[in-house]
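Following: one structure in structure tokens, then a few remarks.
The first chain written gets the first letter, and so on, giving A, B and C; residue counts start at 1 in each chain.
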Amino acid sequence: MADTPVVEAENVRVQFGGVVAVRDVSLAVRAGERIGLIGPNGAGKTSLVNSLSGEIRPTSGRVLLGGVDVSRAAPHRHFRHGLSRTFQVAHPFPALTVIDSVMLGPLSAGSSVAEAAERGYDALAALGLDDVSDKEMSDLNPVTAKLVELARIIAAEPKVVLLDELLAGLLPAERRQVLDKLIEISESRSWATVMIEHLIGDVRRFCTRLAVLVDGTLIADGPTAEVLADPAVIAAYLGETSTKEGS
Amino acid sequence: MTVTQHRPVTREKAATRKLPGVGRSRRELLAVVALVVVVVVVALISPDMSTTAAFTMTFVLLGQSWNLISGLAGPLALGQAAFFGITDFTILVLRTHGVNQYLGIVVGIVASVLLALIVGLATLRLPGFFFAIASLMVPLIIQAVILYFGFFQVERPFSPEDTPGDFNFNDPFVYLCIAAVFVLVAAVVTMVVKGRRMGRYFQAIRENPRAAEASGVPTFRYKVYAFLIAAVFASLAGTFYSQLTFVFDPLDAFDPTVSVQALVVTLVGGAGTVLGPVLGGVIIIPLTQLARTYLFQLPGLDQIAYAVLLLAVALWFPRGAYPTVARALRNRKERRCG
Amino acid sequence: MSIVVNGILIGALWAVLGLGKQLILGVLRFVNFAHASFALIGMYVLYVLWNATGINPFILVVPVAVILGLLGLAIERPLIRPLVARGQRAQMIATLALLTLIQALLNLGFGAAGRTTPSDLTTSGTTLLPGVFVTWSSLLVFGFALVAFGVVWLLLNRTTFGLQVLATSQRRDSAVYCGINVRRVYGLAFALTIALAGLVGALYAIGTPVTPTSATPLLVLMFVVPILGGLGSIPGVLIGGVIVGILQGLTTSFLPPQLENAIIYLIFVLVLMVRPQGVLGNAALLTERST
């Protein structure tokens, strides 16, 4: 049973009008796996992640969380099946205090306000963020904001974590700092993590496995080192972005 | 980067594990009580003052209604006049048919909540912008239907004797006192909701509906809850309005100006707070009422005043009075403490 | 048949109303609830001009559009520009205030009684097809609407200004780097939408009594038309306008006229519920800037 995928896409297709954003992609992630979802801009990465989190209903195909079909369920049902995610914004809840935002997950998972607050404070403490708990999210510096995002996910105690460009907007040294924390936490909690990221250096450090999307099609899926050496991947994607590595 | 270092939780730290904002809400409630008491005491000066004060409490309730749905939970509702007007209308029509007013009030509130349920289920799923348009049109549609059935003006039956059994009093001071109690009730409800699960969901939805949903909040269901509670508050406002005016005119009761008043009262005081609508209402409504009575006799001047105020608030003063003052005080205190 | 033809004729007018709305909403990404109020101002400006000069109202609609365009230019800097940065919510609140303000001011100036700018062309007409009678005025309105539509279409697709407007709507920040004076483009485009609103108001007002609440049906229409036709699509509003025109004809001939608005509103809600994809897609564009 330990080997059952915690999140699984089965022939997922996402279509907007006539445009196919995700073309019959199948992807299964097991506990403890860290998958990097890479591909050129417009390859359908975010659409795929959005279909996993329930924001987009797949046009066809199924999404399974812990073996349960959630393809037609609202995003909050996905959360209750153990999926947490981040968004491509600096502060998801700008005017909330840090603790209010971090305790939201446990609260909607069914805890009382007091229990949720306790779990929120514990998650903040685990990242050394006790000092900022009363601050408003919009007052945080970029690194702290990202760490609070991590605390939000820790507090929700998920099985599956989707990170949509979590590190965007950080300087290289800051990225490293956040990424180290992320590796430590996701390892100790054996999250199944799917990460969209553009910088190959970070992907190489974090991911155990890579999935490459080009024009909505999955062209490669395997251990990081193998995929990065795959000539087809290099031709389709890495060739054009390897120059980005240092940026 | 000191915050990112891992430090053990000291006992001192554990003691500060108290949720922020709870104490603030209680202080706001005290301020609400104080303001309401001041209004009631001032109203004792003359019957005119009582009437003005009773109108003030009426529109504070309408502001509290808008505050709950749009200030706290987020969706921009621009048609609170619908719930205000439908209650007013129902109570009056039933009264002209000899129905006891208490029953009329109950029916009016039920009608309003049903309307909110239908409108909410149909439109709250839409993204904010479309919900705003749809809500703006709801009162206009009800207005069209009521006019179609020929209710151009409904006169209030007048009886010179006080009949408490029929909710009929000739001294506006009585209505003022009852309305004041409901303002307090609405403030307490707002405060309690704010501190609990529901209010935390509301505020998360307001800040970011997508992220709230992804954090497990059933956003649609809770938006409907907020809309229903707000409809009850607006109905209470409509109830008192129906007792304080002499004629019901659908062109007035469902006019966008009524909804605008709800926005003005709340935004001037501070949206999303317990104190905001009360503070805003107590500042604005007496001023415009007195100006209308004593300074200008021109029709629609109060409408112009409300519109200009709302425009000014939206352009230059989006935070509102109470949060601005509170923030300034907090900053001063922080500076003094080091 | 008569309903269809007249529906198409009046639909062209709604298409122009929707066109202005489309420009401001889809292209400029600005939510203007007061759009219909500028049409209302157009109605009263026409009345005032006609009262002062006695010139045929169909000639006067041109200066009305120009005057409204100038008004649009005048209010863009103090009122609209600060709101662009404030986001959608502030725009909706402020323009709702503007809506009631304009209505109240016109009420103060002209009273609640109806003001009519008459034209004998509203009663005489011709038989276009067997059994289909149309008034000269509705033909003229149709002509004006088509001309206005054509002018805007050419302006957007064949001129530098149009290119700048479209560029600004795509990427505001990049447009700046291309040397486009974004503020000027925005101001002119806003003024253009107000001029269109004024033109629609003036054409609508010929032969119809105008009161300060006359803008209410237009308020509904101006949202229905672009959404029916598909937000962001300029030809779409033409289709949306004609559909609304025909539906209006149908409802008024089979149902009491007082319920016309209620029916259009219901259609609007149904459209939102039946075609959520198109609507949602564009709503995402709109909410992008709202935070």
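The rule is short, and it goes like this: a contact is a pair of C-beta atoms (placed from the backbone, for glycine too) under 8 Å apart; a residue touches a chain by one contact, two chains touch by 3 or more.
Just so you know, these numbers come straight off a predicted model, no measurement behind them.
> Greatest Cα-centroid separation from chain C: which chain?
A
> Taking each chain's centre as the mean of its C-alpha atoms, which one lies nearest the mean of all protein C-alpha atoms here?
B
> Where the CA atoms of chain B average out and where those of chain C average out, how many Å apart are those spots?
Each chain reduced to its C-alpha mean, chain B and chain C end up 32 Å apart.
> What is the distance, in whole Å, between the centres of chain A and chain C, each centre taken as the mean of its C-alpha atoms?
So the centroids are 44 Å from each other.
> What is the distance in Å between the mean C-alpha positions of chain A and chain B?
Here the centre of chain B sits 40 Å away from the centre of chain A.
> Can you list every residue of chain A that touches 2 or more other chains, as numbers and ranges?
Expected reply: 89, 94.
> For chain C, jot down the residues that touch at least 2 other chains.
291
> Among the residues of chain B, which ones contact at least 2 other chains?
Correct list: 208.
> In their complex, what parts of chain B are in touch with chain C?
76, 78, 122-123, 126-130, 132-134, 136-137, 140-141, 144-145, 147-148, 208, 251, 255-257, 259-260, 263, 267, 298-301, 303-304, 306-308, 310-311, 314-315, 318
> Could you list, by residue number, the parts of chain A that touch chain B in their complex?
Against chain B, chain A makes touches at 53, 55, 74-76, 78-80, 84-85, 87, 89, 92-97, 99-101, 103-105, 107-109, 112-113, 117-118, 121, 125-134, 143-144, 147, 152, 156, 177, 181.
> Can you list the residues on chain B that touch chain A in the complex?
Interface residues on chain B, with respect to chain A: 1, 3-7, 9, 13, 16-17, 19-21, 195-197, 200-201, 203-204, 207-208, 210-220.
> For the complex, which residues does chain C have touching chain B?
31, 33, 79, 82-83, 86, 88-90, 92-94, 96-101, 103-105, 107-108, 213, 216, 219-220, 223, 256, 258-259, 261-262, 265, 268-269, 272-273, 276, 279-280, 283-284, 286-287, 290-291
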